[in-house]
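Take a look at the structures below.
Look at the two complexes coming up: subunit A is in both, with subunit B in one and subunit C in the other.
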Partner chain A sequence: MAGNEESLLKKDAQPLKPLILSCPNCQGAVTLLAGNKSLVAVCSSCGSTLDTADQVVKVIDKNKKSRPIEQTLEIGMKGKFHGHTWQIIGFMVRRDKSSHFKWREYLLFNPRHGFRFLTEAEGHWNWVVQLHVEVVDSRTDAQAMGKTYQVFHRGTAIVDYVAGEFYWRVKVGDTAKVADFINPPEVLSKEVTDGEKVWAIGEYMDVKTVENAFDPPVSLRIAEGVAPNQPSLLQNDMSKIWTAFFLGMAVLVATQFFTAMTSKKQRVAEIEGSFTNGTGQPALEQVSEPFELKGGRSAAEIALYATVDNDWFSGVGTLTNVKTGETFEVETGVEYYWGTAGGEPWSEGDNRSTTTLYSIPEGTYRFSFQPNGSGNHVPKTFRVALIWDVTLWANFWYGVIAVALLPLIAGWRRQAHELKRWSESDYAPAWAKGMEDEE
Partner chain B sequence: MNQKDFFSCPACGAEVRFQTSVTVTSVCTYCASVLVRRDIDIESIGKVAQLLGDVSPIQIGTRGSFEKTHFDIAGRAVYSWSEGFWSEWFAKFDDGRSGWLVEAQGFFGMCFERHWETKKTYLSLGQKVSIEGHGSFEVSDIKKNSCVFVEGELPFVPALKTPRTSVDLRGPDSKFATVEQDSIQLFVGAWVPFDNFNFHHLRELDGW
Partner chain C sequence: MSTFAKLFTAWVIVVCSLVAYANMTGWRIIGGSANKWDPAGQSARSGFNHK
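Let's turn to the complex of A and B:
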């Protein structure tokens, strides 16, 4: 049995209060929200950066800089993130040495859960925590926690502005070698200062999440461009899009299969004849015997065959409803040309053709055909048949194109998004470099 | 199993207890004298000043669990180095083991003293060390530090304000190790998220 709990408890335990020190420069009050965990604090009255690690507070930088307008969260604010309350205790602005790109870092504190960072760049936010796990990094990537992160940026970061307090020694002008590796929505950051290596992992946080973490909610700027570790576009929707695509295709194929299987393709009428152009006599219109078209409204096909030899032939096919007199007329024809050019044979067209008559209602009909033209004066024989209840393919293909557009457009948008992401990096993979060269 | 030894503080006369068989140091809760048990008598080795700005949520009497075994916090040693402070809380486990709850830069970890075969005392930054049963570790930090504050009961006699050198090592997953160069000791443990300890009797914090 462990020792008696009551006797182990400190009898006069007081609730802890933040530590208040006196600024050696201006004697203003400096409140340390993280108590003896903070090593450095910036006096809010005179702007001096103070070393608060020892009993004796020292001034390490008197350089007071004006508050950057891009600071959107205040020291002292409390917000709820990942189920716990965090207080903003520090703020800094850092700049990349070569590109002068600036970003902002807010230090958050919770006495039980320690320290976290909220970083902001171009309106994009990351929730960052220092890592204690093993990271293996190379020139191109970093491996940690079973995941691979691609190198995105290497550079030197310079501190431009500090406010509040920090748990490490920092002042304006300090530099650190940094490297960022991405695996959206995460970013793995390495920071080397005086030989000491520190790793941190950041997770992309939506602007709305940051805004609503505070009470009352804050209003933050709209994000610009694509952040290095911003989640890929439509990441969560792709499985839905592909499901919709496959379902759509399945429905289309099944429907078409069923339609094809059940269409009767009945040859209901046939007309034969011959035609010669240039006889001066009008061609005879030939009419078939009456026939029944059953099974509701459907499509019919006129199949034409003619003995054209480097020639063309055309005529008008008419379907007449015996009872109502309603007619369906269509021009149909064939053309076939052939020869040799430079020893190579060629041909164009065919002596067979099919023409579709759409949406014919059931009923009793006659089919008639009137030849009306031909190229040369050679007599040609023709055979024309009317086929009832044929399978239509046009709608099926329109459907396939429409359904395929879903993943196609999504894929195109995702690709454009990825190109935008890598356009900000010197380490873009080969497939993303094309855009860079064009610019 | 536990000896309940009662003594009178030689400085102020208050009652001083040594609650476990392994503790040799107990800090008087009234006058903050650091008292060491020597056979049948206790001796004061100095006093400690109040720890200013302490925002730790842990206190003497906090109960938690690590790898399914419960422990009680019986004592604390605070160390100071060039980059601030850290605390090592003495954890007395229900199964009799002694562990150390490390609180550093807001992170918590639990470690235990381990037998060290290669008594290699002089390690350099970046050096790789293999610790049997735990894997390969890399030296991440070599810190000159000293004990500046103690409270509760401890299983050792603290060398107050005496410099010593601690070597920190980073291991696989979230493991860490510390080598105390002067006392030639090895501690191996892991960093654990605060919630995983399931703490009870935490210290109250104003405003939190």
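Let's turn to the complex of A and C:
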């Protein structure tokens, strides 16, 4: 886009009426939907570009160009955007001189509200308005309306195709120095032509919004890649996600603290005995007196101690409900080894261990322990205790992982989105360049 | 709040509630009510000889 529309429309102006002219090349009818505000029009019959600034219409360019296949909206179509009806009156295709990247611009007109643009590149759409406020730009960014926009692209744009009518003089081959600055979902575009600088601000528009603006709705191509000012799906959500994460962590810590403080950790049974491997006699099962487990369901721990010395010892602990006969059984053991290697002492294991029984219902129980093996024939003494209502830590760590997973995934996806965005720019920030280099 | 943010908030509430319930009932969320000590696993890791 180019051309300054500021002076074209005044607040108290009458709505503009279409004008019909005759093409001097083919005498075909040329309708100017924007009336006398259109300075250039392309004859739809012969394709000639006409200067319509005054009553004597002149031919600027006779060469008819083929309609580009990427043109998806027709001149004359009407669509509803931001509560008003806009009519497409002009279309152009432009190309970056160095990269040959192409984009399309549709000029829209509303008799009372003036001109707007819909721009499209790789399936991404922007609603663009000329800006009439002060913009201060530098090598790296531009400041406008209290916001900072990062430079994304600088280059030269060439007009490859025009159709319809325009409020400034434009023809195929025209060039302009352009620069884009982004602050998603907005893009600030600067165009300099013959010393005249024009600023415009674009806002990313979802393709579905464009499709449904027309009646009947149109079908447009699916967007590819990430547009310079395309907002991340999570852009406005990250602060809420992290808030939910920290609140979740606070609740988990508070819950775990409360559980730890209120756990009874009650030693309800204790058994002592001795065991010698290789005697040929089965080890005696030791059984405790009955005891009560109260307070609903909870976890219990079997704490085992045995005098192992470069040896191991194991046995089976069983919790039996006296009334129902239900049993909870677990094999447990200890091992302890030590020595020296190269003059340095080493040790492995411990002569104490704890094993957890989960979700034990309250009731009257007996606890029994059956030794069933050790490494050597040295007699061992053992002591095994049952501790009721212990604190479980595994659930807390599962909760931490579960709560942390989503913000980590969201943050990773957002970063991937930003990397894709900046991969198309020669002005990527240092962090994006660094990560691209790594890849 | 977007759909994603609402879903995440709901997820956090579910996780915290599940952890609180599991702690109150002595149930381990993963590995549930399995009351087993795996001697074979211990042997492979620490050299237990159960033979």
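Keep this in mind: the second predicted complex is superposed on the first by the 356 of 439 C-alpha atoms of A that agree within 3 Å, B and C clash if a C-alpha of one lies under 4 Å from a C-alpha of the other, contacts with A are read in each partner's own complex, and residues count from 1 in each chain.
Simple rule for what comes next: a residue touches a chain if its C-beta (ideal position, glycine included) is under 8 Å from a C-beta of that chain, and two chains touch if they have at least 3 such contacts.
Every value quoted in this text rests on a predicted model; they were computed, and no experiment measured them.
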item	value
Partner chain in contact with A:375 - subunit B first, subunit C second, else both or neither	second
Which superposed partner A:333 touches (first subunit B, second subunit C, both, neither)	second
Contacts of A:233 with subunit B and subunit C, given as first, second, both or neither	second
First (subunit B), second (subunit C), both or neither touched by A:32	first
Partner chain in contact with A:197 - subunit B first, subunit C second, else both or neither	first
Which superposed partner A:158 touches (first subunit B, second subunit C, both, neither)	neither
First, second, both or neither for A:19, with subunit B first and subunit C second	first
Subunit B versus subunit C as contact partner of A:357, first or second or both or neither	second
Doubly contacted residues of subunit A, that is, touched by subunit B and again by subunit C	none
Subunit B-facing residues of subunit A, complex	1-13, 15-19, 32, 34-37, 39, 53, 55, 85, 109-115, 130, 132-134, 167-169, 195-197
Residues of subunit C defined as touching subunit A within the complex	1-2, 4-5, 8-9, 11-12, 15-16, 18-20, 22-37, 39, 42, 46-50
Subunit A-touching residues of subunit B, taken from the complex the two chains share	2, 17, 19-20, 29, 51-57, 59-61, 63, 70-74, 82-85, 92, 94, 105-108, 125, 140-141, 151-152, 170-174, 176, 191, 193-195, 201-208
Partner subunit C, residues of subunit A touching it in the complex	233-234, 236-237, 240-241, 244-245, 247-248, 251-252, 255-256, 259, 296-300, 312, 314, 328-333, 335, 337, 348-349, 355-360, 373, 375, 389-392, 394-396, 398-399, 402-403, 406-407, 410
